[in-house]
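What follows is a set of structures for review.
One chain, chain A, appears in both complexes that follow, with chain B as partner in the first and chain C in the second.
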Partner chain A sequence: MHISEGVLSAPVLIGGAALTAAGVTVGLKKMKDQDIPRTALISAALFVASLIHLPLGPTSVHLILNGTAGIILGWQIFPAILISLFLQSILFQFGGITTLGINTFNIAFPGIAAYYLFSFAKINSNFRLGIFSFISGGFSVFLTSILVAFSLVFTEQSFLEIAKLSVASHLPVIIIEGIITVFVVFSIKKININILGGVKQNV
Partner chain B sequence: MFNKLSLSIFLFLAVLLFSTSAVLAHGVHLDAYVEGDKIIAEASFSGGAAIKNSEINIYDEHGHLLNTSQTDENGIAEFKIPVLEDLRLVLNDNLGHQAQYIIERSKLPAEFQSSDPESKRGAANVVSEEQLRKIVREELNKKLAPINHNLVKLANSGPGMTEIIGGIGYIFGLMGLYFYFKKREN
Partner chain C sequence: MRLEEKLAAGSSWIHRLDPRAKLVVGLFFSFLIALSNELKTLSLFFALAVILIISIKIDYKYILKRLVLLNLFICLIWFFIPFTFPGREILTVWQFSVSREGVLYALKITLRSNSIILLMISLLSTSSVLDLIHAMSRLRIPPKLIYLLFFVYRYLYVIKNEFNTIHQAMLLRAFKAKTNLHTYKSYAYLIAVLLIKSYERSQKVYQAMICRGFKGSFIMIDHFELKQNDYLFLIVSSLIFVFLLVMEKGLI
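The block that comes next holds the complex of A and B.
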């Protein structure tokens, strides 16, 4: 997820930065005053989440929580992730400033996908709520690993090879984040379903 | 407001619960030191977990690829010193993580090319100054190897509490700043 400096070529970096700029603009346009604390809170959670390290799979991977964040924040996930990645790059030396754009897009875009999946799914029972939470949480990590492979395709050899490696190393995270998302969504439901930004509230 | 507070408490508890295992993560580090006529490279994720079976390339100062080696179970790879100039070691795990380490010319042994043991054997039993230097150097290397290893580990202990709390502070600071300016607008 934290693609390092000096790995990617300039067109990929610029493309990623442009997409992120667009996403952040949409996120900020849609952001109302009452969304600010929620965005900041999730941003802080995302910032810490990548310190949680899972010694599983071929490489060492960490939690991303972009599915959970996407469901809660909607488009505000873009500014939230941008801020948390920026702070990670200057405080932890994860990733880097030049790769900030592409890294933000790789993480935030699947979050948006999870958000729409969750909003458009007809959720009318607890069972469906659980299933869709799991799928949204897991799917967004899957999509992130595909996007990482896609950003590397211009510098590495074959897409399929990298994608396989990338998905395989994220497999534990996909499952764990699916489960975490279920827990988070059910806890939010117990507290106040309105916290889920824009998601239909007919459960 | 109460609900948001509950959510925040829940999220932080969830995060804390998971972070108890170890605060480790995903920067990659490459460190290297010279031992005799070899370069020892150690690859690790920030926090110290070894990067296994990863490729490390060694380049000369003009960027030509000189040699490639794989890290072992402990994230360690060894190279023979190829040339006496500034050397650049690059680690790439094919998933977008890259780190590099530069070994300066001054860190390499002064005359390793002439250190062929056979050619150095003097005719007499008298130990020449040259041979003595070589013996001392070898012994020193042996003694210094574990210290080098520990130094590498120390330099790479991962982000600490200060950085983590600091980052969270920045985020909430930004939130406060936004509200401050918002309030002044009205």
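The block that comes next holds the complex of A and C.
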């Protein structure tokens, strides 16, 4: 899901870095001292979960889980994603420093959207909880793929074909991620609902 | 997926440099490369990155494997851009015309991407993550971000082990990953349990921190010291940086 080094143009890289800096600042402001271990361990768990290969026909896919991350972490998703991507680049040599800003934004922003969707939606039945979980999980991935496509096309018009291809190749992931999010949310609700910041207790 | 820092163990001169120096140089050079647009400068950057990677003296097979993986996206670009980029036609492959500008554009992306990755591997992956975190805190990155990074890194391995235990238990019960709802459901439950366990552990961690008198900051007891080699590295790097910047701007 992330864009390689050296592809994007200066305005996209700098714009992404600025937006991420703003998001991280808000996230850190909202994070009290006692939230540090919680945010960190949830990020670590999501990092590990995103390494799972899910089979899809003859190939396999990775989860992004930015919807789930957004629902649980709220604005702290920005520092969380920034750190995950940084660690990925150090531990797996996957990506570098210059795209950290734009890639963090592309993944974290849809998570924030999912967070607000979850907190403003009137969730008063299991059916609605299921629907909104599915939408949050799936829509976040969709939004991420759209943002990636925009970053590419904004850099260079000729990237249009690749951008379209990248959105299309994410369609199955969107559905899988939606399904996974529903089951994750329901089992968390059953075991320990305190983790879900956005969900009201009256479900 | 292994989470070991394979490249951090080594004893080349780059391994021994101060992580602060490596971070700063890596950051400046990465951005200069990412923003460069001249084939001449990009080739020089690539040559420089190759020299650096050779001088860290590590498993070349591993690095080649990483590069192949990273170049998958680049291959996609080669597949499309020469055909869709507007410019002077130089070749025709089955009715599709290849433009000279498109080939150049793809070549530049390839050089940029690989140079940055090689630079990252040779400069950053040759320090342990803990050293890098320490270096970053010395470079005035917001402390909360540093603590977060420290904790994520600290518990990544713990949670990975937790994951392995649960996954093994699933496999022992004859779980087979296939393309069906059952598989996705099982993995979703695994993720949920992982999240809950980490959440509960984080409460204990925070309580333990309070017990040990945590008041919002960590106290660092060891300090970095720039040695002769570090100064040399910084000076040479800045000279090269300025030289390449001037070259990129077309002044040479």
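Here is the rule we use: the second predicted complex is superposed on the first by the 180 of 203 C-alpha atoms of A that agree within 3 Å, B and C clash if a C-alpha of one lies under 4 Å from a C-alpha of the other, contacts with A are read in each partner's own complex, and residues count from 1 in each chain.
Heads up, the rule we're going with is that contacts are C-beta pairs under 8 Å (C-beta built on N, C-alpha and C of every residue); 3 or more make two chains touch, one makes a residue touch a chain.
Model, not experiment: these values are computed from the prediction.
For the composite obtained by overlaying on chain A, chain B and chain C cannot both be accommodated without a clash. Residue contacts after overlaying the shared chain place A:91 against chain B and chain C alike.
By the touch criterion defined above, A:192 lies against chain B and chain C together after alignment on the C-alpha atoms of chain A.
By the touch criterion defined above, A:61 lies against chain B but remains apart from chain C after alignment on the C-alpha atoms of chain A.
By the document's definition of touching, of the two partners only chain B reaches A:148; chain C does not. In the superposed model, A:13 lies in contact with chain C only, and not with chain B. Judged by the touch definition given at the top, the superposed model places A:28 against chain C, while chain B stays out of reach.
Once chain A of one complex is fitted onto chain A of the other, the partner contacts of A:179 are limited to chain C, with no touch recorded for chain B.
Touch counts on chain A: comparing chain C and chain B, the chain ahead is C. In the superposed pair of complexes, A:162 makes contact with chain B and with chain C alike.
Once the two complexes are overlaid on the shared chain, A:49 sits against chain B and chain C alike. The single stretch of chain C with clashing C-alpha atoms against chain B, selected from 6-14, 24-32, 150-158 or 168-176, is 150-158.
Shared interface residues of chain A, touching chain B in one complex and chain C in the other, are 3-8, 33, 36-45, 47-49, 51-53, 55, 63, 83-84, 87, 91-94, 156, 162, 165, 180, 183-184, 187-188, 191-192, 194-195.
Residues of chain B that touch chain A in their complex: 3-4, 6-8, 10-12, 14-15, 18-19, 21-28, 45-47, 49, 51, 92-100, 158-159, 163-164, 166-168, 170-172, 174-175, 178-179, 182. Interface residues of chain A, counted against chain B in their complex, comprise 1-8, 33, 36-45, 47-53, 55, 59-63, 83-84, 87-88, 91-94, 148, 151-152, 156, 162, 165-166, 169, 180, 183-184, 187-188, 191-192, 194-195. Remark: chain C residues 1, 3, 5, 7, 26-27, 30-31, 33-35, 66, 70, 73-74, 76-77, 80-81, 84-86, 102, 105, 109-117, 119-121, 124-125, 129, 132, 142, 144-145, 147-156, 158-160, 163, 177-179, 181, 183-185, 187-203, 205-206, 209, 214, 216 touch chain A in the complex. Within the complex formed with chain C, the residues of chain A that make contact are 3-8, 10, 13, 24, 28, 31, 33-34, 36-49, 51-57, 63, 65, 68, 72, 79-80, 82-84, 86-87, 89-94, 96-99, 156, 158-162, 165, 176, 179-184, 187-188, 191-192, 194-195.
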